[in-house]
Every structure is written in C-alpha cells, then in structure tokens.
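In the two complexes below, subunit A is the common chain; its partner is subunit B in one and subunit C in the other.
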Partner chain A sequence: MTQKIIQMCHVTKAFGTKVVLDGLNFNLQRGTVTGLLGKNGAGKTTLLKCALGLQTPQSGIITVFGEPARDLSAATKAKLAYVPQEVTLYPWMKIRQIVAYSRAFYPRWNDSLIERLMKDWELGVEERVGTLSTGQMQKLSILLALGHEPELLVLDEPVASLDPSARRQFLATLLEIAISGDRTILFSTHITSDLERVADHVVVLKSGKIVYHDELSALKDSVKRLRIINARALPATMRDLPGVLHWESTDANAVLSVDNFSPELPERLSREWQAEVTVEDLNLEEIFLELHHG
Partner chain B sequence: MDNYTQVLMTYLTRKWVALYAGGSLLVMLISAVWSFIDPGKTLISPVPLYFVFALQFLAMHLKQQMALPQAHLVPGYRRPHLTIGFLWLTCPLLLVGFDAWNRDVSIVGAIVITFYVWLTYFHINVWPHRVAIAALVFAIAAIFIPHLRAVVFDIILGREPILAWSLFSAEAAAVVLLFHHLATLTEDDPDYGKVAAMNPWDLRPATTRTQNRAAMLKSGRFTETLYAAASRRLDRITRVPAKNFWQRVALYRMSGDWPTNWWVAIAIIACLELLVVKQAASRILTEQSFRQTAMIPLSVSTGLTLATWFTVFRRWGRLGYESLRPATRRQWVLGNAAAILIRVGQIQIVWLLLQAAVLLIYFPEFQLSPVLLETFGCWLGWQILIFGVSAWIASFASYALKMISMGAMLGLMWTGWIPLGLLNAEQGRTLWQITAVATGAIGLGMCAVAYRRWCRIDFA
Partner chain C sequence: MDPVLLFQINPSSGLPIYRQLMDQVRTLIGAGRLTEGDMVPSVRQIAEGLQINPMTVSKAWSLLERDGVLERVRGQGMRVLAAAKVRGTVKERQQTLQPLLEQVVAQAAQLSLSREQVLAAMAAALKELPGE
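Moving on, here comes the complex of A and B:
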C-alpha cells in the first residue's frame, strides 16, 4: 500500500504570465493531517485543484493514490472528497434530498455519522439548499464530503464561514475522522489556531514554492525569537547569521527570529557577543508572519 | 475624474461591453450616414435592431452595479450609475431618429418601434419580469402576424400618431418603473440574485445567486408544483446506489440549478406557435411557402435545444466538484452528455408531435411528401449540429463567449435558412438535401471535438 497519497513533482502552473506554482514538489503522507498555509494569492487553491486533477499544470507530474491526477479511476474517486472554497450546490433540493443524491453516487455511506452531524450542526432535513446561509452551506458541503468516509479529504478553507462553535465542532469531527481510520486530510486555512489544534503537519506556501513542509512540532522547534540585550553596540554582522528571518535592533538590543534554531545558538551568541540572550517560543501565527517578512 | 466619468469608464474598460457597445454604435452611425447619402428603399434600417446584443451586456453590467450593497451604502452611488445606464439605453435613439429623417418616415414612429425592442430586451436582462417577457414574445410574434406587421408599418409611416404616442408613453412609464426598481433593489427582492457573470473569474454572480435566499423563500405555488414533481423523481432514483452508467445518468439529469419541467415551456410556446403558423399558413400554399413557414417551428426548436444547454452553462462553477464523484472523466463526460441528450430528445419528440398536429391541421396535403421528409432531414441535421456546437461552447469558461456563440448560432440559422426557403422548388430540394447531410455530418464532428475537449479541460 502506497504511503504517499499525493505526489507532486516539479509542478509548474501559470495563468497567462502569472506563475502560481513554480516547480513545486510535494508529498502527502498517508495518515497525516496537513495544514496548508500561505498568503492570499500564494497558490493554495491552485495547488489543491492541481492535486485533484481539476486543473492541469504546464509541467510536472501529479499522482493521487498512485494514479495520474488527470485520469483518476472511479474507485480512486470513491476514496476521496473535496470541499471547495466557493460552494454552489443545487438550490432547489432539500437537505435530505441532497444527502440522498450524494449518497447514491458512492458504494458506501455512513448514514449514522451524517444523521449525527446534521443534528449537531442544526441542519434541518426539510430545508431547501437555496435558503441556507453561507455558513450553513459550508456545513452542508463538509457533511456531504464526510458521508462516504473518504481516505483522502481535501478542504479549501473549510471553516472560513463557520461560527466559533461550528468551527470547534468541525475540528472535533475532523480529529475524530483522522483518529478513527487510516485517513489523510489536507486543508488550507488562514486560521492558524485551528491548524494548530488539528494538524500534525504543516506546509507553508510562498510565491508558488513550498518554503516549509514538516511536522508542526518541528516547525515550532525550528522557528524561535531571540531577544539579545548587550551593554555595548551589537555587531552589524549579526544580520548575516544563517537562517535569520527578521531583525529589529537598537544599538545594544536586538530581536531576531531564526528558522534553524538549535539549543546551541543562544549559548554561542551569548558567548561571542557577551550578551544576554533569551529564547521565545512562537505560536503558528507568529511563525507565519516571521516566514513572510520581507 | 468625476463620478459620471468613472462610471462610464467601468463600461469602457470591460472588454465585451466596450466591444459590443462601441461596435454596434459605430455600425449604427455608418448606417445612419449611409442613409443620408442614399436613403434606399426600406422604411427603416434593420441595423439598430442589432444593438440588442450590446444592450444585453450593458444591462448585465448595470445590474451587476446595482445589485450590490454599495448601491445603498455609498453616498451618491446610484445617481451616476443609473444616469449612465439610462444614457446608454436612450442616446443611440438619436441615430435611429436621424436614419428615419433621411428615409422620410415618421421619426417618432421609427423611434418608438425600435425602442420597444431595445427596451424589452434591456428590461429582461436587468429585470426578467413576466410583463417584459410577454412584451418581447409579442414583438417576435408581430414579425409573423400580418395584421400586427401592418400596424407596425403604419406607425413607422406616421399613419398612426395616436398609437405611436401611446406606445411612447407606455415605454416612458416602463423606463421609469425599471429604473425605480433598480434604484430600490434590495436583497429581499428575488430579482437581486439574478446577476450574470461576464467572465469565468467573476464569482460574485454565483455567490449572489447561491445566497439569494429571498428568491427561494418567496417561491410561489407554481414553482412549488414544479419542485414537487422533480422531488418525487429525485426521491425515487436516489433510493438505490447508482451502480451503472444509466443510473448515474439519471442522477446527472437532476443536477441543474432548478428542477426543469420543459413540458410547461413547450405547452406555452406551442400555443404561441400554433397562432403564428396559422397566420403564416393563410398565404397561398406552395412548396416554397411551406419551407418559409417551416422557419418558425425550426427557430423555436433551436431555441429549446439552446435553452437546455443553458442549464449546463449555469453549472460551470460546480462542474469540477461534480467531476470528482466516482466515475472516470470519460464516464462523467459521456454520462452528462447522455443526460442532456435525453432531455433534448424528450423535448424534441414532444415538439415533433406538436408539429405533426400542426401539419394535420394546416397542411394536410403535405403529409409524407418529399418536401416534408426533406424538412425533417434538415431539422434533424440542424439539431445534431446545434447539439455538437453547444457541447463544444459549453466547455469554455467564459459566459460572454457562450452567450455570443448562442446568438451567432441563431443568426447563422436565420441567414442560412431564409435564402434556402426563398429558393424555388427544384433548386430548394437539392440544397435542402445537401444541407441536411452537411449539418448532420458537421454536427457529429463537433460532438467528437467537444467530447475530446471535455475530457481534458480545467475547471474553475
């Protein structure tokens, strides 16, 4: 059984002259919950769509469950689900009908899960899809994606329109799904606190390239903020330290963030510059900002 | 740059709007100048009627600007937008008036007749109210009904001044109502969500439509009856999982924005057509006149097939999502094509039965005659061609391109069929046979091209 659910090798995708994915390499491992982070226009949606074969890159190879993304078999499609950023469903159908409609396409369907989620998320079975609010519509599309218990769940900013309570419920459900089976989840989001809550891996996309892809804990261990207090002026060469992401200083004090932190670094800086060096842990939002400085 | 110039620039910087509006105005100007040099023999130039294509985009643009929260929240927003919209609709009438003056016909008459067509078309694209739709259908019917046609000519010639001024008053009132509707449009209005996209990246119309809860909440008994019929069918076919191709096709047939019930549409249009054909059939019956009269059902038949494909255009935003359900891309493409083909087939079979009824009533001597078989052959070939071309057009993301192509197909049909209908019996036969075979063959080729394209296109 393949361990790489999605493989993207040297993928380049451009719209006209604008290169959105620039020779990108990405492997999504089985059983991981991976959060995709990036600024607006970084290429998150394009990456997800290319990964699912909805858009064709100009160059590169993409496989999903070992099959070319552009030519997925019915069996493979039955193992995946996608929740797009913009949800447009069938306005005339009632919720119970759209659930039945989606169920009819799949060889298996977890009715009890769907019934429970409809109750938890307060979706009335007799309500028409066209009368739902944006948040309710998003809940419904997530619910439809979970019905066939996909092995691969791809979500493009799934919680953007949900209220805090619904977001918590959704994340709890996501965790439940991730734990309950051999499932792989890839989702893009701007809400870093949500990502911290559920993701075990994180991908940071910047200017069409992946600038970070590893375990979330490794990212947090790697990116740190250092506060340096010195009695005399700090040397200008400090800016040239390898891995410095961001730097602010007065004559004798400096705050810098680094992306290759090692426990020896503060000791070394302290020793070399006779300075007091303190290390601060960063949350994911702060790490994201540090990675996007400059 | 003042507010008015800024609003005007929103039109001029939109590719399709600028192209169509500018192009149409230029052609109208050339036509008007030409009529000054050589007034010609016709009562009125047909050129201004083509301005309706530009008006479609102008209306779509104006509606997009007014169905926005800004229209209510930004001070001084509505006045310049409505004024510029009004000027686009009315200023080109000066060219119509100039043309009429050159031809020595009634300026008021020419203006009110032209403006009737413009306004109804503009109205439908801004606010598809049933009265506006009825007014446009009436205008089309007037082309074929001799009594109405005579009245139109009398108005243009200035023989019916009271009628002309009455029509002018009605048009002025309709303009006031239309612009008042736009000025007071809120999200509570079911019309708010009826906004068309002019390019594939324009997501707002889709979002507006999806969020147009008012329209769904205010659905009347008629709509509920249509929903109920579709719901029963949906409940029946979703009881069991779709395990084979045809079961999936049955599901694909339910994937429109609204439950389609074409029988109602066919019944309404058929009644209208019976009326029109009856008028046409009152002429001396020859093989040639039969072919000319056949233009009417052929046009309506074409419109019905195009309308079926229009439902696919509306689905563009979610086709990618739908394509990820269990089926290969090829199965999905073929399945959806089969779903549309079944729908078109159902409509056209009912349509053919209605035509048979029309023939039995009005043209009994043409039953099973060669000319009837040739007409049927041409109709079939043309249907295949429309299906293939529509399938190909539907695979492009641009909504504007789709609408223009649809218009072009209708234009092609008229420009192609009218000369064929005017040919004498012997010439006509050969050409109708060639047309039947050629359109059918090209149509099948287009189906193959469309299939290949659908198998590899990107989705939004």
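Moving on, here comes the complex of A and C:
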C-alpha cells in the first residue's frame, strides 16, 4: 500500500490576483501526526481544502490514497474525515439525531467510542444543535468525524474554540487514535504547545510554499539561537553565513538564529570569530517566530 | 509506583521531548532509581501517561538502545543494561553539564559578575552536593 497518503505536486491556487499556494509540493506520510503551522493568511485552510479536493487549484496534481483529489471514489471517501474551521450542522436536530444521521452514511461506525466521547466531552444527547456554543459545536463536529474511524483525519484549527480542559481531552483522543495504529492525522493550529505534544512531524507554510517539513524533533535540533559575546573578529555581515535565519549585532556582540545547527558550529564560530558562543534551545513558538523574520 | 510517574516532560521546552526522555532515563539510572534489569515503561504507557506522541517515545527508546543504555527484550519491551556502561568517562559526564554551564556563564556576564564571584557562587552551590 502507498506510503504517501496525500501527494501535492506543483500546486498553485489563486483567488483573483492573490496567489495563495505558489507551486507547492507536499507529501503526507502514512502513520504520521503532522501539524501545519503558518501565519494568518498563509494558506493553511486552502492547502487542506485543495488536498482533499474541496477546492480546485489552477495547476498541479493532487492525489489522496493514490486517487485524484477531485475525483475520489466512495470507498476512499469513507476512509477519510475532514473537520473544517467552522461547521454548519442542522440546528433543529438533537445531538442524538445528528449522530444517527452521520452514522447512516458510513459502512462502519464505532458506537462505543462515540458514546464514551459524548460523555467525556459533556455533550448531552438531547441537546439541540442550534443551542450549542461555538466550542461545543467544535467538539461535536470532531466527534462526528471520528465515528467511522477514518484512516486519514484532517482538522482545520480543531482547538481554536476549545477551553483548556476540552483541548486536553481532544489531544488525549488524538493520541489514542495515533497509538491505535495505522492512522494518519493532519491538523492546522496556532497553538504551538499542543502541536509540540501530539505531533511527530511539522509543516511550516509561508508565502504559499512549504518552508519546512520534517520531524518536530529534527526542527528543534536544527534551529537554535547563538549568542556571540566579546568577539574580536566578528564579520561585517552575517548574511552570507549558510543557514542564518536572522541576526542582530552590535560592536563585538551578536545574536543569530540558524536552521542548520550542529554541535560543531559553536566551536567553529568561537574559533573563527574569537568569541564566546552560547547556544539557546528554542521551543516551537520561538522557532516559528525565527522562521518568520523579515 | 506507576513507573510512568518517574518521567516528566515539558513539551514547550526547547529541548526536543525525545531528548528529555533520554536524559531522564540516564539520570534515573545515575540516581539508582532504575537499575540493571529493570524494565522501562512501554512506548504506549509513556505516550498515554504523559500524553505525548508515541513516535517520540520510540525514538528515545531506540536511541538509548543504540547507545547501549537499554536493550530490547523480545515480547517484553526494553530493559536497563549494566549501569556501568551508562556512567561514561568523567569527560563524557562533564559534557552533559556543558549546556547548563554555558547558561551560567551567559547570565554571569549579564550580571557583570567577575570570574572569582562566579566561582565563589558555584562553590557555595556545590556544598549542597551529597558526598561533598
């Protein structure tokens, strides 16, 4: 079976003159939990929608489980689930009814999982959809996406409206799904601390292109901030140094962030610039900011 | 005690979670809380208990296996190997302290402390060390 659940090749999507995805390439590997990061307007939602064939790009090739995204078979659709940022569900239905309604679309459905989650997530079966808060609506739409145990689960800002305890419950459920085996999860988020906990891979979208896609731990290992103190041979500009994301310098001191850190680097710089070099580990939020300088 | 409780991680630290886990296994062995032959919790137990991604845990365990700290026991999980191998040479153990020392040096520079003043502070802190 294919190891690439989603493949996007040279995808360009523009709305009018505004280019949102700019010749983007992306492969989603089977069995990964991938977090998608990007500033507001970076194109995260567009990427997710194009990936599932919900929007049509101007050019490029997209496949899901090996099938063209715009022309998925019913069997493939039954293997995936998508939770959009904002959900519209029939407001007159009770939760019990909307669960039964969604259930009817799929060949299999995990009743015990849904019952348990409804209890854990404090969704009352007799409540009407129209009376739910934004957060409760988000919980309900996530829940409805899990019933058929999709092999591929795509979520757009799933935790945006959830309170901290609901967020933790949701993350625990995601992990439970990830632990249970052959499942692939792709989600966009602004909350880097959640991503740090549950994701094994991270994708950073910037100006319509993917500027980073690798294991989260590799990102943390390779992006570091270096403090250069009392340098006697600081170069006039650090722009030409490979891997520099951002730098600031005054006289004999400098702070620079790099995306190609290796344990030898501080020693080398210390020798070449005759300076004291200290290394700072960065968390994902700080890395995100470093990747978006300028 | 639930062995998962021996571990604690901070996902928002700059140190990748797999490294935090690796460091903690080494520290627990160093402190004698894990000894030769002890089984470490499974990937699943750690992932569920600490609510972290299972691939992160298996990465930590595999690297510790590569380093000769843990060994895989068929059908049972991972077991702590002879503790002697873990302790390493003095130089290797000093190396572990290096990142912390660099932070101390940087902070000391910000605080305009002299070399002697830093060493004095360090000597005072070392009094807390058992066996000193």
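Just so it is clear, the second predicted complex is superposed on the first by the 289 of 294 C-alpha atoms of A that agree within 3 Å, B and C clash if a C-alpha of one lies under 4 Å from a C-alpha of the other, contacts with A are read in each partner's own complex, and residues count from 1 in each chain.
Convention: a residue touches a chain if its C-beta (ideal position, glycine included) is under 8 Å from a C-beta of that chain, and two chains touch if they have at least 3 such contacts.
Here the structure is a predicted model, which means the values were calculated and not measured.
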For the three-chain model obtained by superposing on subunit A, do subunit B and subunit C clash or fit? fit
Per the contact definition in the header, classify A:Leu54: touching subunit B only (first), subunit C only (second), both, or neither. first
Report the partner of subunit A that touches more of its residues: subunit B or subunit C. B
Now for A:Trp273: first (subunit B), second (subunit C), both, or neither, which partner does it touch? neither
When the two structures are overlaid on chain A, which partner does A:Trp247 contact: first (subunit B), second (subunit C), both, or neither? neither
Please work out whether A:Lys94 is in contact with subunit B alone, subunit C alone, both, or neither, and reply first, second, both or neither. first
Closest approach of subunit C to subunit B (Cα atoms, Å): 28
Identify the overlap between the subunit B-contacting and the subunit C-contacting residues of subunit A. none
Note: in the complex, subunit B contacts subunit A through residues 203, 206-207, 209-213, 215-217, 227, 230-231, 234-235, 237-242, 247-248, 251, 254-259, 317-318, 320-321, 323-329, 331, 456, 458-459
Mind pulling up the subunit A residues that touch subunit C in the complex? 32-33, 168, 171-172, 175-176, 178-179, 192-193, 196-200, 216-217, 220-221, 227, 229, 276, 278-286
Subunit B partner contacts - residues on subunit A that touch it in the complex: 49, 52-56, 70-75, 77-78, 80-82, 84, 86-94, 97, 100-107, 128, 130-134, 137
Flag every residue of subunit C that touches subunit A in the complex, lowest number first. 11-19, 44, 47-48, 51-56, 59, 99, 102-103, 105-106, 109
